[in-house]
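You will see chain A twice below: alongside chain B first, and alongside chain C after that.
Coming up: the complex of A and B.
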(Lines of atoms letter the chains of each structure in order from A and count residues from 1; the text may use other names and numbers.)
(Lines give C-alpha, C1' and ligand atoms only; values in the text may rest on other atoms or scores of the structure.)
Protein backbone atom coordinates (compact mmCIF):
# COMPACT_ATOMS: atom_id res chain seq x y z
CA UNK A 1 0.00 0.00 0.00
CA UNK A 2 2.99 2.28 0.18
CA UNK A 3 4.37 1.75 -3.30
CA UNK A 4 4.79 4.72 -5.62
CA UNK A 5 2.17 5.72 -8.18
CA UNK A 6 1.39 2.99 -10.64
CA UNK A 7 -0.08 3.13 -14.10
CA UNK A 8 -3.37 1.88 -12.74
CA UNK A 9 -5.68 4.91 -12.49
CA UNK A 10 -8.10 3.17 -10.12
CA UNK A 11 -5.28 2.23 -7.76
CA UNK A 12 -4.00 5.81 -7.90
CA UNK A 13 -7.47 7.20 -7.21
CA UNK A 14 -7.83 4.97 -4.14
CA UNK A 15 -4.32 5.76 -2.89
CA UNK A 16 -5.02 9.49 -3.19
CA UNK A 17 -8.46 9.18 -1.57
CA UNK A 18 -7.15 7.35 1.50
CA UNK A 19 -4.24 9.80 1.76
CA UNK A 20 -6.48 12.87 1.45
CA UNK A 21 -9.18 11.84 3.92
CA UNK A 22 -8.34 10.88 7.52
CA UNK A 23 -11.41 8.64 7.76
CA UNK A 24 -12.84 7.19 4.58
CA UNK A 25 -15.34 4.40 4.09
CA UNK A 26 -15.67 2.53 0.82
CA UNK A 27 -19.24 1.35 0.93
CA UNK A 28 -22.34 0.35 -1.02
CA UNK A 29 -24.58 3.41 -1.26
CA UNK A 30 -23.93 6.70 0.47
CA UNK A 31 -23.79 7.41 4.22
CA UNK A 32 -27.31 8.89 4.20
CA UNK A 33 -28.62 5.93 2.26
CA UNK A 34 -26.52 2.77 2.56
CA UNK A 35 -27.53 0.04 0.15
CA UNK A 36 -26.21 -2.92 2.10
CA UNK A 37 -26.71 -3.89 5.72
CA UNK A 38 -22.97 -4.27 6.33
CA UNK A 39 -22.19 -0.81 5.03
CA UNK A 40 -25.06 0.53 7.10
CA UNK A 41 -23.65 -1.00 10.29
CA UNK A 42 -20.30 0.69 9.84
CA UNK A 43 -21.96 4.04 9.06
CA UNK A 44 -24.04 3.72 12.23
CA UNK A 45 -20.97 2.99 14.33
CA UNK A 46 -19.05 5.95 12.92
CA UNK A 47 -22.07 8.23 13.42
CA UNK A 48 -22.49 6.93 16.95
CA UNK A 49 -18.89 7.86 17.72
CA UNK A 50 -19.27 11.27 16.10
CA UNK A 51 -16.58 10.60 13.52
CA UNK A 52 -16.40 12.92 10.54
CA UNK A 53 -15.88 10.64 7.54
CA UNK A 54 -16.09 10.52 3.78
CA UNK A 55 -18.15 7.78 2.15
CA UNK A 56 -17.32 6.51 -1.32
CA UNK A 57 -20.06 4.57 -3.11
CA UNK A 58 -18.41 1.67 -4.94
CA UNK A 59 -21.67 0.85 -6.70
CA UNK A 60 -21.09 3.90 -8.89
CA UNK A 61 -18.08 2.29 -10.53
CA UNK A 62 -17.38 -1.38 -11.26
CA UNK A 63 -13.62 -0.73 -11.71
CA UNK A 64 -13.59 0.95 -8.30
CA UNK A 65 -15.56 -1.90 -6.74
CA UNK A 66 -12.98 -4.40 -8.01
CA UNK A 67 -10.04 -2.05 -7.49
CA UNK A 68 -10.66 -1.50 -3.80
CA UNK A 69 -10.64 -5.27 -3.25
CA UNK A 70 -7.25 -5.56 -4.94
CA UNK A 71 -5.90 -2.47 -3.16
CA UNK A 72 -6.44 -3.94 0.30
CA UNK A 73 -6.35 -7.64 -0.61
CA UNK A 74 -9.79 -7.80 0.99
CA UNK A 75 -12.71 -9.38 -0.88
CA UNK A 76 -15.66 -7.53 0.58
CA UNK A 77 -17.22 -4.08 1.01
CA UNK A 78 -17.40 -2.02 3.26
CA UNK A 79 -13.78 -1.13 3.94
CA UNK A 80 -12.73 1.47 6.49
CA UNK A 81 -9.45 3.39 6.22
CA UNK A 82 -8.08 5.67 8.91
CA UNK A 83 -5.04 7.85 8.20
CA UNK A 84 -4.29 5.83 5.09
CA UNK A 85 -4.36 2.46 6.87
CA UNK A 86 -6.91 -0.26 6.21
CA UNK A 87 -8.71 -0.91 9.50
CA UNK A 88 -11.11 -3.64 8.44
CA UNK A 89 -14.54 -4.55 7.17
CA UNK A 90 -17.83 -4.77 8.98
CA UNK A 91 -16.95 -7.65 11.36
CA UNK A 92 -13.68 -6.15 12.52
CA UNK A 93 -15.10 -2.64 12.92
CA UNK A 94 -18.04 -3.99 14.92
CA UNK A 95 -15.83 -6.17 17.11
CA UNK A 96 -13.50 -3.23 17.77
CA UNK A 97 -16.47 -0.98 18.55
CA UNK A 98 -17.98 -3.47 20.98
CA UNK A 99 -14.69 -3.94 22.82
CA UNK A 100 -14.04 -0.18 23.01
CA UNK A 101 -10.90 -0.63 20.92
CA UNK A 102 -12.25 1.43 18.03
CA UNK A 103 -12.94 4.47 20.22
CA UNK A 104 -9.41 4.30 21.66
CA UNK A 105 -7.89 3.86 18.22
CA UNK A 106 -9.79 6.81 16.71
CA UNK A 107 -8.81 9.02 19.64
CA UNK A 108 -5.16 8.02 19.26
CA UNK A 109 -5.39 8.90 15.59
CA UNK A 110 -6.89 12.25 16.53
CA UNK A 111 -9.93 11.82 14.31
CA UNK A 112 -12.52 11.94 17.09
CA UNK A 113 -12.83 14.11 20.17
CA UNK A 114 -11.89 12.33 23.39
CA UNK B 1 -25.25 -16.72 -5.84
CA UNK B 2 -25.79 -19.08 -2.89
CA UNK B 3 -23.25 -21.59 -1.65
CA UNK B 4 -24.08 -24.79 0.19
CA UNK B 5 -23.14 -24.81 3.86
CA UNK B 6 -21.43 -28.20 3.35
CA UNK B 7 -19.19 -26.73 0.66
CA UNK B 8 -18.31 -23.74 2.79
CA UNK B 9 -17.49 -25.90 5.79
CA UNK B 10 -15.44 -28.30 3.66
CA UNK B 11 -13.39 -25.44 2.23
CA UNK B 12 -12.71 -24.07 5.70
CA UNK B 13 -11.75 -27.50 7.05
CA UNK B 14 -9.37 -27.98 4.18
CA UNK B 15 -7.76 -24.62 4.89
CA UNK B 16 -7.65 -25.12 8.66
CA UNK B 17 -7.33 -28.88 9.22
CA UNK B 18 -6.89 -28.75 13.00
CA UNK B 19 -9.24 -25.91 13.79
CA UNK B 20 -12.46 -25.84 15.70
CA UNK B 21 -14.97 -24.64 13.11
CA UNK B 22 -18.62 -23.78 13.44
CA UNK B 23 -20.66 -22.50 10.51
CA UNK B 24 -24.18 -21.11 10.83
CA UNK B 25 -26.59 -20.14 8.08
CA UNK B 26 -27.85 -16.84 9.47
CA UNK B 27 -30.70 -16.11 7.09
CA UNK B 28 -31.58 -19.60 5.87
CA UNK B 29 -30.95 -18.52 2.29
CA UNK B 30 -27.54 -20.11 1.70
CA UNK B 31 -26.09 -16.67 1.23
CA UNK B 32 -25.49 -15.23 4.70
CA UNK B 33 -23.22 -17.30 6.89
CA UNK B 34 -21.30 -16.91 10.08
CA UNK B 35 -18.14 -18.88 10.70
CA UNK B 36 -16.40 -19.21 14.03
CA UNK B 37 -12.90 -20.54 13.65
CA UNK B 38 -10.54 -21.31 16.49
CA UNK B 39 -7.12 -22.10 15.09
CA UNK B 40 -3.52 -21.89 16.18
CA UNK B 41 -2.80 -20.62 12.65
CA UNK B 42 -4.06 -17.24 13.88
CA UNK B 43 -1.48 -17.02 16.67
CA UNK B 44 0.11 -13.61 16.85
CA UNK B 45 -1.68 -12.26 13.78
CA UNK B 46 -3.72 -9.06 13.73
CA UNK B 47 -7.40 -9.57 12.93
CA UNK B 48 -7.08 -8.32 9.36
CA UNK B 49 -4.43 -10.97 8.67
CA UNK B 50 -6.55 -13.64 10.39
CA UNK B 51 -9.50 -12.86 8.17
CA UNK B 52 -7.29 -12.68 5.09
CA UNK B 53 -6.11 -16.24 5.86
CA UNK B 54 -9.74 -17.36 5.91
CA UNK B 55 -10.47 -15.58 2.63
CA UNK B 56 -7.39 -17.22 1.11
CA UNK B 57 -8.71 -20.63 2.17
CA UNK B 58 -11.95 -19.84 0.35
CA UNK B 59 -9.94 -19.30 -2.83
CA UNK B 60 -11.75 -16.30 -4.26
CA UNK B 61 -15.26 -17.48 -3.41
CA UNK B 62 -15.67 -14.69 -0.89
CA UNK B 63 -17.17 -11.68 -2.59
CA UNK B 64 -18.08 -13.93 -5.50
CA UNK B 65 -20.44 -16.84 -4.98
CA UNK B 66 -20.31 -16.16 -1.26
CA UNK B 67 -21.93 -12.82 -0.51
CA UNK B 68 -21.89 -12.64 3.24
CA UNK B 69 -19.71 -14.43 5.73
CA UNK B 70 -19.46 -12.97 9.19
CA UNK B 71 -16.14 -14.08 10.64
CA UNK B 72 -15.13 -14.64 14.21
CA UNK B 73 -11.57 -15.84 14.44
CA UNK B 74 -9.64 -16.66 17.58
CA UNK B 75 -6.79 -18.75 18.87
CA UNK B 76 -7.06 -21.78 21.19
CA UNK B 77 -7.04 -20.81 24.86
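Coming up: the complex of A and C.
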Protein backbone atom coordinates (compact mmCIF):
# COMPACT_ATOMS: atom_id res chain seq x y z
CA UNK A 1 0.00 0.00 0.00
CA UNK A 2 2.98 2.26 0.23
CA UNK A 3 4.60 4.11 -2.61
CA UNK A 4 6.79 2.12 -4.94
CA UNK A 5 10.39 1.47 -4.02
CA UNK A 6 12.80 4.24 -4.86
CA UNK A 7 14.82 1.85 -7.00
CA UNK A 8 11.99 1.98 -9.51
CA UNK A 9 13.08 4.36 -12.31
CA UNK A 10 9.51 5.36 -13.08
CA UNK A 11 8.94 6.22 -9.43
CA UNK A 12 12.16 8.22 -9.42
CA UNK A 13 11.16 10.06 -12.59
CA UNK A 14 7.81 10.99 -11.12
CA UNK A 15 9.32 12.03 -7.79
CA UNK A 16 11.82 14.28 -9.54
CA UNK A 17 9.17 15.76 -11.83
CA UNK A 18 6.92 16.52 -8.87
CA UNK A 19 9.82 18.08 -6.99
CA UNK A 20 11.06 20.11 -9.95
CA UNK A 21 7.75 21.65 -11.02
CA UNK A 22 5.58 23.69 -8.65
CA UNK A 23 2.45 22.72 -10.57
CA UNK A 24 2.42 19.54 -12.59
CA UNK A 25 -0.47 17.71 -14.15
CA UNK A 26 -0.22 14.05 -15.09
CA UNK A 27 -2.77 13.83 -17.85
CA UNK A 28 -3.88 12.08 -21.00
CA UNK A 29 -2.56 14.12 -23.90
CA UNK A 30 -0.82 17.44 -23.61
CA UNK A 31 -2.18 20.77 -22.37
CA UNK A 32 -2.68 22.05 -25.92
CA UNK A 33 -4.38 18.84 -26.94
CA UNK A 34 -5.89 16.86 -24.08
CA UNK A 35 -7.01 13.38 -25.02
CA UNK A 36 -9.72 12.85 -22.45
CA UNK A 37 -12.50 15.02 -21.13
CA UNK A 38 -11.31 14.87 -17.53
CA UNK A 39 -7.83 16.04 -18.41
CA UNK A 40 -9.35 18.74 -20.58
CA UNK A 41 -11.43 20.05 -17.69
CA UNK A 42 -8.44 20.36 -15.39
CA UNK A 43 -6.40 22.08 -18.09
CA UNK A 44 -9.23 24.55 -18.67
CA UNK A 45 -9.45 25.32 -14.97
CA UNK A 46 -5.72 25.85 -14.60
CA UNK A 47 -5.69 28.03 -17.72
CA UNK A 48 -8.66 29.98 -16.45
CA UNK A 49 -6.78 30.71 -13.24
CA UNK A 50 -3.61 31.66 -15.08
CA UNK A 51 -1.56 28.90 -13.54
CA UNK A 52 1.81 28.16 -15.10
CA UNK A 53 1.93 24.38 -15.11
CA UNK A 54 3.67 21.45 -16.73
CA UNK A 55 1.66 18.66 -18.32
CA UNK A 56 2.97 15.12 -18.50
CA UNK A 57 1.30 12.88 -21.06
CA UNK A 58 0.95 9.46 -19.46
CA UNK A 59 -0.26 7.98 -22.73
CA UNK A 60 3.31 8.15 -23.99
CA UNK A 61 4.39 5.45 -21.58
CA UNK A 62 2.41 2.58 -20.11
CA UNK A 63 4.85 2.24 -17.17
CA UNK A 64 4.35 5.93 -16.46
CA UNK A 65 0.58 5.59 -16.75
CA UNK A 66 0.59 2.81 -14.17
CA UNK A 67 3.44 4.35 -12.19
CA UNK A 68 1.64 7.57 -11.39
CA UNK A 69 -1.27 5.58 -10.01
CA UNK A 70 1.10 3.68 -7.74
CA UNK A 71 3.05 6.80 -6.79
CA UNK A 72 -0.02 8.65 -5.57
CA UNK A 73 -1.97 5.53 -4.65
CA UNK A 74 -4.84 7.01 -6.58
CA UNK A 75 -6.49 5.09 -9.43
CA UNK A 76 -7.52 7.74 -11.91
CA UNK A 77 -5.92 10.21 -14.29
CA UNK A 78 -5.51 13.21 -14.44
CA UNK A 79 -3.64 13.90 -11.23
CA UNK A 80 -2.63 17.36 -10.09
CA UNK A 81 0.38 18.04 -7.85
CA UNK A 82 1.11 21.45 -6.37
CA UNK A 83 4.39 22.10 -4.56
CA UNK A 84 4.87 18.38 -4.16
CA UNK A 85 1.43 17.79 -2.71
CA UNK A 86 -1.08 15.52 -4.37
CA UNK A 87 -4.21 17.62 -4.72
CA UNK A 88 -6.46 15.20 -6.56
CA UNK A 89 -8.09 14.36 -9.84
CA UNK A 90 -10.70 15.99 -12.00
CA UNK A 91 -13.61 15.75 -9.57
CA UNK A 92 -11.62 17.24 -6.73
CA UNK A 93 -10.07 20.01 -8.80
CA UNK A 94 -13.42 20.93 -10.30
CA UNK A 95 -15.16 21.00 -6.91
CA UNK A 96 -12.36 23.08 -5.42
CA UNK A 97 -12.55 25.48 -8.34
CA UNK A 98 -16.30 25.85 -8.10
CA UNK A 99 -16.14 26.54 -4.37
CA UNK A 100 -13.25 28.98 -4.69
CA UNK A 101 -11.03 26.72 -2.61
CA UNK A 102 -8.65 26.05 -5.47
CA UNK A 103 -7.96 29.74 -6.06
CA UNK A 104 -7.23 30.26 -2.37
CA UNK A 105 -5.03 27.18 -2.23
CA UNK A 106 -3.01 28.18 -5.28
CA UNK A 107 -2.52 31.67 -3.90
CA UNK A 108 -1.36 30.26 -0.58
CA UNK A 109 1.11 28.10 -2.44
CA UNK A 110 2.35 31.13 -4.35
CA UNK A 111 1.71 29.68 -7.78
CA UNK A 112 -0.81 32.31 -8.90
CA UNK A 113 -1.00 36.03 -8.28
CA UNK A 114 -3.10 37.15 -5.33
CA UNK B 1 3.47 -3.75 7.83
CA UNK B 2 5.12 -5.69 10.63
CA UNK B 3 6.45 -3.31 13.30
CA UNK B 4 4.00 -2.49 16.03
CA UNK B 5 2.23 0.75 15.19
CA UNK B 6 2.62 3.59 17.66
CA UNK B 7 1.40 7.17 17.50
CA UNK B 8 3.97 9.94 17.02
CA UNK B 9 4.66 12.09 20.07
CA UNK B 10 1.88 14.58 20.61
CA UNK B 11 -0.55 12.96 18.19
CA UNK B 12 -4.12 12.86 19.42
CA UNK B 13 -5.08 9.28 20.24
CA UNK B 14 -8.66 8.16 20.60
CA UNK B 15 -9.46 5.09 22.67
CA UNK B 16 -12.33 2.67 23.16
CA UNK B 17 -12.69 -0.62 25.02
CA UNK B 18 -13.94 -3.73 23.23
CA UNK B 19 -15.43 -6.72 24.99
CA UNK B 20 -15.39 -9.92 22.94
CA UNK B 21 -18.76 -11.59 22.68
CA UNK B 22 -19.34 -15.35 22.18
CA UNK B 23 -20.29 -14.68 18.57
CA UNK B 24 -16.84 -13.16 17.99
CA UNK B 25 -15.04 -16.39 18.86
CA UNK B 26 -14.18 -18.63 15.94
CA UNK B 27 -13.20 -22.27 15.56
CA UNK B 28 -9.71 -21.46 16.83
CA UNK B 29 -11.09 -20.29 20.15
CA UNK B 30 -10.22 -16.63 19.81
CA UNK B 31 -11.63 -13.45 18.35
CA UNK B 32 -12.06 -13.93 14.63
CA UNK B 33 -9.95 -11.81 12.30
CA UNK B 34 -12.95 -10.14 10.72
CA UNK B 35 -14.15 -8.84 14.07
CA UNK B 36 -11.10 -6.62 14.38
CA UNK B 37 -12.00 -4.95 11.14
CA UNK B 38 -15.45 -4.09 12.44
CA UNK B 39 -13.89 -2.79 15.62
CA UNK B 40 -11.43 -0.69 13.63
CA UNK B 41 -14.32 0.86 11.76
CA UNK B 42 -16.20 1.47 15.02
CA UNK B 43 -13.14 3.23 16.40
CA UNK B 44 -12.71 5.41 13.33
CA UNK B 45 -16.35 6.43 13.28
CA UNK B 46 -16.33 7.16 17.01
CA UNK B 47 -13.16 9.26 16.66
CA UNK B 48 -14.69 11.27 13.82
CA UNK B 49 -17.88 11.71 15.80
CA UNK B 50 -15.97 12.88 18.86
CA UNK B 51 -13.83 15.44 17.05
CA UNK B 52 -15.90 16.74 14.14
CA UNK B 53 -18.68 19.24 14.63
CA UNK B 54 -22.25 18.33 13.77
CA UNK B 55 -21.99 20.59 10.74
CA UNK B 56 -18.85 18.84 9.53
CA UNK B 57 -20.40 15.44 10.09
CA UNK B 58 -23.37 16.46 7.96
CA UNK B 59 -21.20 18.07 5.32
CA UNK B 60 -18.66 15.31 4.81
CA UNK B 61 -18.62 11.56 4.34
CA UNK B 62 -15.88 8.95 4.40
CA UNK B 63 -15.38 5.78 2.43
CA UNK B 64 -12.71 3.12 2.84
CA UNK B 65 -10.24 2.48 0.02
CA UNK B 66 -8.08 -0.12 1.74
CA UNK B 67 -7.58 -2.08 4.94
CA UNK B 68 -4.31 -3.71 5.93
CA UNK B 69 -4.36 -5.84 9.05
CA UNK B 70 -1.68 -7.60 11.07
CA UNK B 71 -2.58 -10.18 13.69
CA UNK B 72 -0.40 -11.16 16.62
CA UNK B 73 -1.74 -12.17 20.00
CA UNK B 74 -5.01 -14.14 20.13
CA UNK B 75 -7.76 -12.50 22.17
CA UNK B 76 -10.10 -14.79 24.07
CA UNK B 77 -13.51 -14.51 25.62
CA UNK B 78 -13.31 -12.58 28.87
CA UNK B 79 -10.32 -10.53 27.74
CA UNK B 80 -11.25 -6.93 27.03
CA UNK B 81 -9.28 -5.24 24.27
CA UNK B 82 -8.07 -1.69 24.35
CA UNK B 83 -8.53 -0.04 20.95
CA UNK B 84 -6.39 2.97 20.03
CA UNK B 85 -6.57 5.03 16.85
CA UNK B 86 -4.82 8.04 15.39
CA UNK B 87 -4.36 9.56 11.96
CA UNK B 88 -1.31 9.50 9.71
CA UNK B 89 0.99 12.48 9.42
CA UNK B 90 -0.84 14.25 6.63
CA UNK B 91 -3.58 13.57 4.12
CA UNK B 92 -2.79 13.07 0.46
CA UNK B 93 -5.45 14.85 -1.54
CA UNK B 94 -8.67 13.10 -0.57
CA UNK B 95 -6.90 10.26 1.28
CA UNK B 96 -6.34 10.28 4.99
CA UNK B 97 -4.73 7.19 6.49
CA UNK B 98 -5.74 5.99 9.91
CA UNK B 99 -3.85 3.67 12.22
CA UNK B 100 -5.46 1.39 14.76
CA UNK B 101 -3.98 -0.87 17.41
CA UNK B 102 -5.78 -3.35 19.62
CA UNK B 103 -4.11 -4.41 22.84
CA UNK B 104 -4.83 -7.37 25.07
CA UNK B 105 -5.06 -6.88 28.85
CA UNK B 106 -1.34 -7.71 29.09
CA UNK B 107 -0.53 -4.87 26.69
CA UNK B 108 0.44 -7.12 23.80
CA UNK B 109 -0.73 -6.16 20.35
CA UNK B 110 -3.58 -8.40 19.17
CA UNK B 111 -4.12 -6.71 15.84
CA UNK B 112 -3.22 -3.50 14.10
CA UNK B 113 -4.80 -1.90 11.10
CA UNK B 114 -3.82 0.71 8.57
CA UNK B 115 -6.86 1.99 6.75
CA UNK B 116 -6.98 4.36 3.83
CA UNK B 117 -10.03 6.57 4.10
CA UNK B 118 -11.24 8.88 1.37
CA UNK B 119 -13.20 12.05 2.04
CA UNK B 120 -16.31 12.36 -0.10
CA UNK B 121 -19.17 14.71 -0.66
CA UNK B 122 -22.07 12.64 0.70
CA UNK B 123 -24.50 14.06 -1.84
CA UNK B 124 -22.46 13.35 -4.94
CA UNK B 125 -20.29 10.55 -3.58
CA UNK B 126 -17.31 12.22 -5.21
CA UNK B 127 -13.92 12.57 -3.53
CA UNK B 128 -12.91 15.87 -1.97
CA UNK B 129 -9.55 17.14 -0.85
CA UNK B 130 -9.15 16.94 2.91
CA UNK B 131 -9.18 20.59 4.04
CA UNK B 132 -6.47 21.85 6.39
CA UNK B 133 -8.99 22.78 9.08
CA UNK B 134 -10.06 19.14 9.24
CA UNK B 135 -6.48 17.98 9.62
CA UNK B 136 -6.07 20.26 12.61
CA UNK B 137 -8.84 18.38 14.41
CA UNK B 138 -6.75 15.24 14.49
CA UNK B 139 -3.12 16.38 14.52
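The criterion applied here is as follows: the second predicted complex is superposed on the first by the 109 of 114 C-alpha atoms of A that agree within 3 Å, B and C clash if a C-alpha of one lies under 4 Å from a C-alpha of the other, contacts with A are read in each partner's own complex, and residues count from 1 in each chain.
The criterion applied here is as follows: a residue touches a chain if its C-beta (ideal position, glycine included) is under 8 Å from a C-beta of that chain, and two chains touch if they have at least 3 such contacts.
As the structure is a prediction and not an experimental result, all values here were calculated from the model.
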Original post:
Where does A:74 make contact in the superposed view: on chain B (first), on chain C (second), on both, or on neither?
Top reply: both
**OP:** Look at A:29 in the shared chain and tell me whether it touches chain B only, chain C only, both, or neither; answer first, second, both or neither.
**Re:** neither
**OP:** Check the residue A:91 against both partner chains and state whether it touches chain B (first), chain C (second), both, or neither.
**Re:** both
Subject >> Set of chain A residues, in rising order, touched by both chain B and chain C >> reply: 73-74, 86-89, 91-92, 95
Subject >> chain C contact footprint on chain A (complex, rising order) >> reply: 1, 72-74, 85-89, 91-92, 95-96, 101
Subject >> Touch list for chain A against partner chain B, complex >> reply: 38, 69, 73-76, 86-92, 95
Original post:
Where on chain C is chain A touching in the complex?
Top reply: 66, 68, 92-95, 114, 116, 121, 126-129, 131
Original post:
For chain B, which residues are in contact with chain A within the complex?
Top reply: 47-48, 51-52, 55, 60, 62-64, 68, 70-72
